[in-house]
Amino acid sequence: MEQFFLQLTNGLAVGGIYALIALGYTMVYGVLKLINFAHSDLFTLGAYLGLTLLTSMALTDRLGPFWGTVLLAFMVMLLIAIVGALLDRVAYRPLRQSPRLSAVVSALGASIFLQNTVMLVYGARFQVYPQGILPSTAIRVMGLDIPMVRLIVLCTSTLMMLALFFFIQKTKTGTAIRAAAIDQGAARLMGIDVNRVILMVFLVGPALGGVAGLLVGLYYGQINFTMGWGYGLKAFTAAILGGIGNIPGAMVGGILLGVIEAMGAAYLSIAWKDAIAFCVLILILIFRPTGLLGERVAEKV
Amino acid sequence: MSLLSLKRLTKNFGGLTAVNNVSFDVEPGAIVGLIGPNGAGKTTVFNLITGIYAPDQGEILFAGKSLVRLRTHRIIAMGIARTFQTIRLFQNLTVLENVLAGCHCQMKGGVVASLLHTPLQRREERKAIVGAMSILSFVGLHREAQQVAKNLSYGNQRLLEIARALATRPKLLILDEPAGGMNEQETGRLVTLIRKMRDQGITILLIEHDMSLVMKVCEQIVVLEYGSKIAEGPPEAIKQDPRVIEAYLGTDSDW
Amino acid sequence: DPVKIGLMGPMTGSWASEGQEMKQVLDLLCEELNAKGGLMGQKVAVVSEDDGGDPRTASLAAQRLATQGIAAVIGTYGSAVTEATQNIYNEAKIIQVANGSTAIRLTEKGLKYFFRTCPRDDEQAKVAAATIEKLGVKKLAILHDNSTYAKGLAEEAKGLLAGKKGLEIVFFDALTPKEQDYTAILTKMKAAGPDFVFFTGYYGEGGLLLKQKRQMNWNVPFMGGDATNNPDLVKIAGKEAAAGFYFLSPPLPKDLPTQEAKAFLAAFTKKYGNPPNSIYPVLAGDGFRVITHAIAETKSTDPEKLAKYLKTELKEFPGLTGKISFNDKGDRIGEVYKVYKVNAEGQFILEP
Amino acid sequence: MALLEIAGLHVRYGNIEVLHGIDLRVGEGEIVSVLGANGAGKSTTLLSISGLVKASAGSIHLGETPIHKLPAHAIVKQGIAQVPEGRRVFGTLTVEENLSLGAFVRDEKGEVRQTLGWIYELFPILAERRRQLAGTLSGGEQQMLAIGRALMSRPRVLLLDEPSLGLAPLLVKAIFQTLKEINGKGVTMVLVEQNARAALKLAHRGYVMELGRIVLEDSSSALMENPEVQAAYLGGEKGR
Amino acid sequence: MTNQRTIITISLANVVFASLPFFLNTYWVDVLNSIGIYSILALSLNLIVGHAGLFNLGHAAFYAIGAYTAAILNTGYGIPILALLPACGFTAGVFAVLIARPIIHLRGDYLCIVTIGVGEIVRIALINDVFGVTGGANGIFGIARPSLFGFSVRSPQHFFYYIWTFAGITVCLFHLLENSRFGRALNYLREDEVAAEGSGVDTAHYKLAAFVVGAVWAGMAGNIYASKMTIISPESFTFWESVLMFAIVILGGSGSIPGMLLGAFLIVGLPELFREFANARMLVFGAAMIAMMIFRTQGILPAKQRRYSLPESSGEESGTG
């Protein structure tokens, strides 16, 4: 039983990170129907930029761990958002009118490019975050030691997701994003500036990915230039699991995937953990072909 | 025996009953119109016949055989062809290839025959192209045969849909608003075409809101409202039917 | 014409850090050699190719090197990658000295021109088993990462220890490398109740395991294979968590009393600002030194002569990682492995 | 002074030119109908007014403002709304969400609500289906939604591309009636219709397009008397 | 006649290409071999992605199944590797049926993630030495070289002719396949599934068939790869491999056979050309990928419309019967 709860909190924390990254995939996908494979490398870049800022500006020393980290997070979000928008400008915008899969290949190229940029700039070795920025204590809940960091990670990601959810569902810009996701031409006829919407998406999505990178760095302390692939694949899986293009879906998918993995590792086999996660995914999709909260299908014949 | 007969057909979408206990028959060689206000369930009836939706209740018999729960392509192979309310062509393929899609179920060549281009396969292919071209001439599109479908004008796209449907050699052809987006002149040509098809022995069931067309070509009309059949009969009777006038035609007797 | 020595290593991809440092080491040694006048009156040049850490790319890299008139090739890191190139070099009659490929079967094929400066997995497994027995372990957990190397080592050790009296292997499984959260595995392993854990994977995962183990308040001692020999392990885990960690490794240059090792360490640190991070690039350096020594001694780049020299005449060559001799299969002879332990300051201390 | 003035408009798709110099004027408060065979370029003309396709030459002015250089969303802000060909409702949004998107350029919440109420009065069936996904509406229902959505922005100029397409006869009448009323409130309209008789009955003036050119321009009544127009667009016999 | 001209050009190009091993050094010949294998893989994936429009990012799974079938049966039972060619295609095809059947109804990106998942499951299964026959992470070594009538294919030059003969046959067969009822049916379902079904095309059947034919060829490519490398390990069948194949299809111009060959030249060949850039070579490659896609958004050699020679008497109107 103890194992179960430990694995659960563990799965939730990892799932929270998957979900944060998944949101970036889902947002871009929703509007452009593009699987932004480079998103995972923006996540990596977020982790590295976070490290640079952390060590060069000593924010946490000056402002204390809490406010320092918050400020750091905002700076990382800002920087990665800019990179995201640039990426769109350079690699995706010229492909707006072309077949969907062309942009996917461009995204793959961008992913290779970004990953190797990080390698060349920061070196191929592991980089290590300074210790002790996030509290290393555990809190006792019902006789179980649950590390604080997990709660922090889970709370941060949940907060960001909720904020995004309200932004998309309740604000005018959010509605514009959803409309542009369905039919860009019609959206423009409503007076929506589609280019602004896309820019918005490429600011917000990568920003969330960047924050996820920072969280990973702070939480695990170790980052490397190839870490994006693994997280990216998981996050993309999570986005699909929840129903791609669907924001609550990405959250549910991410958290669920984290928990499935943890449970698979705990009760079945560690070595087969990823295979188990993919099997569950396939099973779910066989029975719910558009994911758990999949897009509301509205194709009328 | 009727060619097509619907028996107490019902289809629900969530809480909405789109088709409610509808029965009617289509006799061989007839031209039957299905009319009714928007959202009455006409397209849904077509989708039930062609297996895109499965009915919640009721029976659909085609030449005595039940169509319920058959996959669409099987139903097509049995001799029913359709066009769609919103045009659904293979936009990036040529006009000829669009028609060849209709020929598909007449042909047999499988993977291996295709890989090796066996003589049998080649003969079959030849025959299909000849057939497709004659259908294109029949609807008047043979000059556009090698054009990409998306470059056709709207009216021609509608004709191409009909050509594709004809290529399946249907006994029954069902047309969902074939005249939508056509002007008078084009509608006139469509009327001729429909009659010509009937003369070839094809039974026709059509949905249309253009009453001039419906009253001109249909011999029998079925009227739906809110999913239920409210009237059935020849055009003259339907024109006079007070319920139909109230629900659909309006009092103005322009037609 | 200069004497060309090939270097095949992972310059990109997941193992890029190893390959790039291999190049640093060889560049340094080559410079030093040229400063001393080169070989047979010629300059020496290092020709390096990227194998991407993947067998197919490696086979192309090998073909490419094979056409460039190299006298010998150093590398590469991964066993499967090396294996994909062995035939190519062998058919082209080029001496290959691998530096990180420890899989046993590489030298069991009887290839004439293949050598390696790293010891084999069974060597290491023997030392590991002996150490574990010496420490009086009762319940052992073995964790690998499913890579050729780690799994091979884990299975060898398991084979050697299975059936030993008083020792039970309570856990044997693999983690997925390149992930960051291993608490699920640690939690599961802890439930099996081992009093000692042997982790055969790499330092990145090793550091995280130590760190996360400590976060769970679990105090079981860990031992790693030679792939955990990397100062980054301590950085990743943190000094507190890394303290008390054992690992096996060929002796580090800093622990060698020889002149060569000390000089190399100083020169490397001077040129690149830090001591070498991984032991494998240093082993690549040994490969380079052995080969260039053989060329100097035989005054020839003829592979037959070189191979013969290496197998029969080279004895106790003072390498950067200790004395080097090769047996007939091309394997390095002698007890190479030492046991290290991390102290409270995070330094690697040679166990007596 | 014309409210909307198109001069020498050329439009090309890729390297095929489909409009070869269109001149079209719409006075304030006028309804102008555009007739023409399939593929004549009627929809293209409307799309270029809205800025969804860009002119390769020529100009479009709304009052004094040249709008052919503006992006589509800015043109909507200028008060031009369109009911596009093929309806293009947002299929995975609800009816009500679609309608509120129609009012995207408007800020005053209260007035928007009022307009919404008015639309529901015009098309009661939409009120019934307000929570249904637009994509599952029947063809005619979608057409109503598209018209309602365009009206939500309270446009000065309304561009209608075959608004009667797929609508039941009763409803066609009702919609033309509605358009007349809206026009009475000062909304200027450009109406592209295959149902030429109804269109000319409603419109003040009309244009006839053929193969990307305007070939005829006259008052509606004159066009209805024109034998060529009668033959091509009104049907030889007594049409609808 | 233009037709004759093309035939002459193609034959000439073939002769020039076939003489390449006499001019190039072994390394470049081996690069061409790699390109050949990827051409075959891309051609097979092109059926699934390019023609049927099914988003498959797990093609390496079929490739792996073929390679492992060859390796296991050859090293374990001593069956000649060349004789195993059909067997490899067969197992990969059977695997495709088993896998594709339940997932075939998934649309677009859902199918994509499932194929990625299948690819990963296969790779993980190989690493974990499933059924105890795959050799785990070590893989399988000692695979025999192909030999035909006592002639053994050994050197890269030999493999050049072996691989490119196979690739040539594949090109011819797939060209015929594309220009037939089968090829068209795949296009119909790519364009509009509902309309295809509504025209009487059994869409589920053709989706499955596309997967199977693609898998069969990938399986045979796996056999060739295994015999060329003589050692295979799971590292050669990662997600990255699937990505490469996919990139070849799209970059080359999906649906176009010449596109596949050119795409393979670019995707496999460019990283080799970029060796000059040392550590930055993949960076340059990534940038090149973006640039090529932007300059040729439809792919480098996009598919052309099929042309049919029409019957003479298509002018006058005739009946439908």
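The first chain written gets the first letter, and so on, giving A, B, C, D and E; residue counts start at 1 in each chain.
Assume a residue touches a chain if its C-beta (ideal position, glycine included) is under 8 Å from a C-beta of that chain, and two chains touch if they have at least 3 such contacts.
Since we're looking at a predicted model, the values are computed, not measured.
K.L.:
Among all chains, whose Cα centre is located farthest from the one for chain E?
P.N.:
Most distant chain from chain E: D.
K.L.:
Please identify which chain has its centre, taken as the mean of its CA atoms, farthest from the centre of chain B.
P.N.:
C
K.L.:
If you average the CA atoms of chain D and of chain E, how far apart do the two points sit, in angstrom?
P.N.:
Here the centre of chain E sits 50 Å away from the centre of chain D.
K.L.:
Find the geometric centre of each of chain C and chain D from their Cα atoms only, then give the gap between the two centres in Å, rounded to an integer.
P.N.:
About 75 Å, centre to centre.
K.L.:
So, what's the distance in Å between the C-alpha centres of chain C and chain A?
P.N.:
Distance between chain centres: 36 Å.
K.L.:
With centres defined as the mean C-alpha position, give me the chain B-chain E separation in Å.
P.N.:
Comparing mean C-alpha positions, chain E is 40 Å from chain B.
K.L.:
Can you list the residues of chain A that touch 2 or more other chains?
P.N.:
Residue numbers touching two or more other chains: 116, 119, 229, 271, 274, 299-301.
K.L.:
Pull out every residue in chain E that's touching 2 or more other chains.
P.N.:
127-128, 194, 279, 282, in rising order.
K.L.:
Name the residues of chain C that each touch 2 or more other chains.
P.N.:
Only 12-13, 16, 20, 146, 174 qualify.
K.L.:
Mind listing the chain A positions that touch chain E in their complex?
P.N.:
Listed in rising order, the residues are 29, 35, 90-91, 94-95, 97-99, 101-106, 108-117, 119-120, 229, 233, 236-237, 240, 244, 271-272, 274-275, 278-279, 281-282, 285-286, 289-291, 299, 301.
K.L.:
Which chain E residues qualify as touching chain C in the complex?
P.N.:
Touch residues, chain E against chain C: 25-27, 29-31, 34, 127-128, 136-139, 141, 155-156, 229-233, 235-236, 240, 271-272, 275, 278-279, 281-282.
K.L.:
Report the residues of chain E in contact with chain A in the complex, numbered from low to high.
P.N.:
So the residues of chain E touching chain A come out as 49, 55, 102-103, 105-107, 109-110, 112-114, 116-118, 120-121, 124-125, 127-128, 194, 239, 243, 246-247, 250-251, 254, 279-280, 282-283, 285-290, 293-294, 297-299.
K.L.:
Over in the complex, which chain A residues touch chain C? Could you list them?
P.N.:
3, 6-7, 10-11, 13-14, 116, 119, 123-126, 128, 131, 136, 138, 145, 147, 149, 216, 219-222, 224-227, 229-230, 261-262, 265-266, 269-271, 273-274
K.L.:
Quick check on the complex: what are the chain D residues that touch chain B?
P.N.:
My answer: residues 35, 37-39, 86, 125, 136-141, 143-144, 162, 165-173, 194, 196, 231-236, 239-240.
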